[in-house]
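Chain naming follows the written order as A, B, C, D, E and F, and within any one chain the residues start at number 1.
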Amino acid sequence: MTRVDSRSPNQMRPVTINRDYIKHPEGSVLISIGDTKVICTASVDERQPRFMREQQMQGKGWVTAEYAMLPRSTSDRSQREVTRGSVGGRTHEIQRLIGRSLRAVVDLRALGERTIWVDCDVIQADGGTRTASITGAFIALWDACQKLVNRKMIKSLPIRENVAAISVGIIEGTPMLDLRYTEDAMAAVDMNIVMTGKGKFVEIQGTAEETPFSREESNQMLDLATDGIQKLIRLQNRLMVEKLNEVSLGDP
Amino acid sequence: MTRVDSRSPNQMRPVTINRDYIKHPEGSVLISIGDTKVICTASVDERQPRFMREQQMQGKGWVTAEYAMLPRSTSDRSQREVTRGSVGGRTHEIQRLIGRSLRAVVDLRALGERTIWVDCDVIQADGGTRTASITGAFIALWDACQKLVNRKMIKSLPIRENVAAISVGIIEGTPMLDLRYTEDAMAAVDMNIVMTGKGKFVEIQGTAEETPFSREESNQMLDLATDGIQKLIRLQNRLMVEKLNEVSLGDP
Amino acid sequence: MTRVDSRSPNQMRPVTINRDYIKHPEGSVLISIGDTKVICTASVDERQPRFMREQQMQGKGWVTAEYAMLPRSTSDRSQREVTRGSVGGRTHEIQRLIGRSLRAVVDLRALGERTIWVDCDVIQADGGTRTASITGAFIALWDACQKLVNRKMIKSLPIRENVAAISVGIIEGTPMLDLRYTEDAMAAVDMNIVMTGKGKFVEIQGTAEETPFSREESNQMLDLATDGIQKLIRLQNRLMVEKLNEVSLGDP
Amino acid sequence: MTRVDSRSPNQMRPVTINRDYIKHPEGSVLISIGDTKVICTASVDERQPRFMREQQMQGKGWVTAEYAMLPRSTSDRSQREVTRGSVGGRTHEIQRLIGRSLRAVVDLRALGERTIWVDCDVIQADGGTRTASITGAFIALWDACQKLVNRKMIKSLPIRENVAAISVGIIEGTPMLDLRYTEDAMAAVDMNIVMTGKGKFVEIQGTAEETPFSREESNQMLDLATDGIQKLIRLQNRLMVEKLNEVSLGDP
Amino acid sequence: MTRVDSRSPNQMRPVTINRDYIKHPEGSVLISIGDTKVICTASVDERQPRFMREQQMQGKGWVTAEYAMLPRSTSDRSQREVTRGSVGGRTHEIQRLIGRSLRAVVDLRALGERTIWVDCDVIQADGGTRTASITGAFIALWDACQKLVNRKMIKSLPIRENVAAISVGIIEGTPMLDLRYTEDAMAAVDMNIVMTGKGKFVEIQGTAEETPFSREESNQMLDLATDGIQKLIRLQNRLMVEKLNEVSLGDP
Amino acid sequence: MTRVDSRSPNQMRPVTINRDYIKHPEGSVLISIGDTKVICTASVDERQPRFMREQQMQGKGWVTAEYAMLPRSTSDRSQREVTRGSVGGRTHEIQRLIGRSLRAVVDLRALGERTIWVDCDVIQADGGTRTASITGAFIALWDACQKLVNRKMIKSLPIRENVAAISVGIIEGTPMLDLRYTEDAMAAVDMNIVMTGKGKFVEIQGTAEETPFSREESNQMLDLATDGIQKLIRLQNRLMVEKLNEVSLGDP
């Protein structure tokens, strides 16, 4: 079986991360994975979120994420969520995933009593928007935190290690890395994996769209994803080094 | 390390499924897993859902799920979702999970142009409400489908095999089966597994709440869950046999 | 004219009140009146409601009620109110009625600066859900207040007397007590009466669904209801005595 | 005890009904009861309401009501309901009451497959806005139906008899007719009565705000209301006769 | 070309402003321009708006406006905005325009830390409701401010000059003043002008509904509007003088 | 007075229009005016909008616009509109303006029974986002229509002439073209002008933020805007010619 763009099953699409893409945010990137393009920004708010203030959780910060797609980022135009009045289930799921994934590598106590808002806005979609959002948002978050360090608002970078994510799936019996939209639509199984720079899992979300999958297949997908994420971590590290001219945080 | 209720790490809480609990629905159960109690009902609607009619998907049916908690099913009273005007992210995530899990074992074509609404309402919560919902809803759904067969509205049961679910987690380094609420709150990792009667995965959702987890730990959790789910499948089979006096569908 | 379940016009359906039905709330019952089943819980919140704080109403508490039906508590599945985004008119009417009825027998000053949230969730409906809610909620509220006394948070029970409720109606010219759903649907007049242990009215809500009713018919309905409510008060008193082993509050 | 405006307990405030107050609607009045002023309009829509079309209820029409208050119709400015996004409980209760009251005297089959929308908008409030709305809306509805007869869209007036409403209450032990806002605020019991031209009840809604009331007190309030409503019916009849120069419908 | 009501192109409809129309507000008028009738009220709230308090804008007040139409103020009944759950685009546009127009002539610092809520509720519509609202609201606002002066809550009137508004349009090539609804519907261009007592512009909003307009036509419309607004200012001045028996503020 | 970026009062910021920016839509551009960047897409929907179908407006099409800002397109992060549940007043105003402006140059009958959805999403804001949206959206719309012609779905381009827009304002007494955000914030008057290729006005929206403006000042601003828009029209024409290699539509 040949993939539509002639990739081999374990081959990722080309990835670029365009830094400082928007001028206002403390951190911002345009990440492209093939035709999937997401603007990720990190905005520092010098207050704790309301729930922390109400519960008097002193000395800690928070990282939260929001996700949206431009109406015509997709093949058919989709209605804006504001038009029907509330965030849909898919969006909720994705923005909770992004937030959890980033918080897993942030030292919230070292961040101090502030909130970092991460916004992932998909401007062009071709599969893997949620994993691209996580991989890109990490750099935006890292840049924003670096700025806090440079401004001496915090002593050291409150980030323990990298985090990145990729999708895998099973198409006609073959496990494949980094599905495009048309591949995703015909996959029997769809798995999103989020992993740290040190190679541990933050999230495994495997879903049988039609055909339940075996333990064996689960293992094959995890292997593919591990390889892919290591490549993404290396790309992140190059970007971090560029700014730091120092050794990277995670080292896969 | 001892569990609060003296269970061993691989021991499930007592499970009971109280059938025909509500008189109106085509299928209904009260499932209890320890102190977690969920009313699951299956309601047959002799129309396709709107999205199928609009896309002219002929000859197929649909299974959809909704999930809610009574305000005081939890230790502190929580606000009704209608009060703030829309379904929250956690609820969205859970009801999408229940729906996908059930559809994975249903032959939607054999079901015909109708919708089965599954409602899971938690009346008392002590951890594992989403997995209890799936395990209980399967019986409600099976009963509703059986009724359609008995009324000769469909020829044969449109259910391919059982589906059931359980949670596992890692607490102070030890993988444990079927977490209670207090255990869940202190778990470093939380995983929900949905499996079919034939032992294949429908969903794996593993989340590091704080500490990322290794491939080794992932495997230990999947082992624990597989054992637990086989017990649930056997309980389901006994209930199905009671009504059928026939061989069960799945055979773990 | 014979009633569908052979009752005489002045005969109530069997009533049971199952106490401490849910483990978390300070008070909780499952009340069954025939096939109508409602879970009533009373939750103590150690703060005044917002409107009291804003108006600086010191030294007083509040009792408020919410009411909902599970989607398939009824013969046909009804949409959840959160799905359309707001509480409907019927629900609003009922929860305001329950709240007013309970407050009419509570000494809000003796309750102190706290709120008791009463939740009435119908799990199976067969007519008379609002009156069953009031009758059952009184016991949940009484139990919650008793707990406050036992914990020495208030000096004495802030409840002046019992309150209970029943429906009456006129079917084919005959006034009848405690209508089932099918009876309610064909009644020309529908009346809900809320009464205290001392036999005074808290609410009279009579509605001509089709045929306006005379003063004479109004009097016949009030007579039937008075008899029915006295039976409910006696049942409440037995439950209260069980816990107290003391003389009951109201004495009809 | 003297009333603030020197009325005797059984004395109503001056009532005027200003017909054809707004030019567009098929029927419209400004009703004033003391300082309470409500614009009531009746709008004919040549379609059945959606629920009737969906349930294929052929050959019948419907009358529905909406109620609102201008923000500064009250002593303090109140927020518009659209601002918080949904109709509140009190508004729901009132518009349902107005709709039921009017439908009780309309022959929906004779009305034919159309909807009459009744809008009651309070421009100045001083107690009794819901009962004033019913009394005024009856004339707007009657005028709209008369127009349908004149235009030969229906054969005869689909209205069986008049309907009107008044409030009564108990203040410091004395039953009183037609409460002003300041009286209403200090009443121990508040009762709204809706009655037909032939002297039968459409609605009795008695509520103990603080002190439960006896059967005896209930009877005194119903007597006061009956007298008051007869006066309102006579006023309605004079207005109807003016247009018809014929005998009135109801004859109290 | 003749206008439907025989007016000449530069002739306004008859205007009346009925003062103190509602008893509760600090200022209130019923303004009628031909068949367009709007109730305008000004309500004083002795607190700054939330946004000013949050931004700690000390020593200043605010004037804000809301606008609504009764459902049957128009030829066909329109749905209440609360029914669909939010304020529509047209309403938003109009209430922002009214608020800006009034604030342009108010000295917010002299007003002090309070809010004036202006409510414009259209009870009958025949074109020009937004401009009538502004012209009428000015008097309601002036009266409310005068009351603050009389009560010695502010030292002097915080209003710098009058403000009034009118619509103009181009119909079949001819610029015309003060369009009725039927004229508005067939106008190629529609312009709303808001002007102060000293003859300066607060707002110019010209819109080509179909045919773009030239600079020349723009000038003709501004000329017509200037004349019309001067007449409105003189009417306002007469009303102000009536209360003051003093020289008017603006002097066109 | 010197402008912050050393421009002269009548000088526009650099403008670029990056065509075919997003792959899915029928037309799409990224327009940059200084630091203001807006993605404009035009999506063809082969159905009339609902309001046209309901009113049976046969043989005509429609162009509608939506506008949004990414949360961190602005200096401070702003809340997503979906979070508070509805589109705000400013957004409503802008998207109505964009829609009207585009429809003013489209022959809706020639477009046929279809809808073109124009989406303007601001990814970076520095003043003039609404006028940039109109100028950019025209090219997206033109490209989408050109595609319909190329696919032979319509016979000829249903666009009568160009449309473009610019802002002007008065800062410290001097009229200035194309305000940046910091200039806009201190302008006494703010005017947005929309003009066609033939030099006629589609919209004039002038607002005195603080100080009312004279007829003279109005004329100066219109002169500045006319010059600026002619430059934008020439840029549009070059882009159109590129694709067409033909004479442009409008000819300023």
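Following the convention adopted for this analysis, a residue touches a chain if its C-beta (ideal position, glycine included) is under 8 Å from a C-beta of that chain, and two chains touch if they have at least 3 such contacts.
As the structure is a prediction and not an experimental result, all values here were calculated from the model.
Peer 1: Just grab the chain with the largest centre-to-centre distance to chain F, centres being mean Cα coordinates.
Peer 2: C
Peer 1: Between chain B and chain E, tell me the centre distance in angstrom, where each centre is the average of that chain's C-alpha atoms.
Peer 2: So the centroids are 60 Å from each other.
Peer 1: For chain A and chain C, what's the span in angstrom between their mean Cα positions?
Peer 2: Averaging C-alpha atoms per chain gives centres 51 Å apart.
Peer 1: Taking each chain's centre as the mean of its CA atoms, how far is chain A from chain B in angstrom?
Peer 2: Using C-alpha averages as centres, the distance is 29 Å.
Peer 1: Counting only residues that touch at least 2 other chains, which ones in chain E make the list?
Peer 2: 85-87
Peer 1: Chain adjacency by touch: line, ring, star, complete or other shape?
Peer 2: Topology of the interface graph: a ring, with each chain touching two neighbours.
Peer 1: Could you list all chains around the ring, opening with chain C and heading toward chain D first?
Peer 2: C, D, E, F, A, B
Peer 1: Please name which positions on chain E make contact with chain F in the complex.
Peer 2: By the definition above, chain E touches chain F via 85-90, 92-93, 95-96, 100, 104, 191, 195-196, 198, 200-208, 210, 212-215, 218, 222.
Peer 1: Could you please specify the touching residues of chain A with respect to chain F in the complex?
Peer 2: 22-25, 28, 35, 39, 41, 43, 45, 66, 68, 70-75, 77, 80-83, 85-87, 117, 119, 121, 123-124
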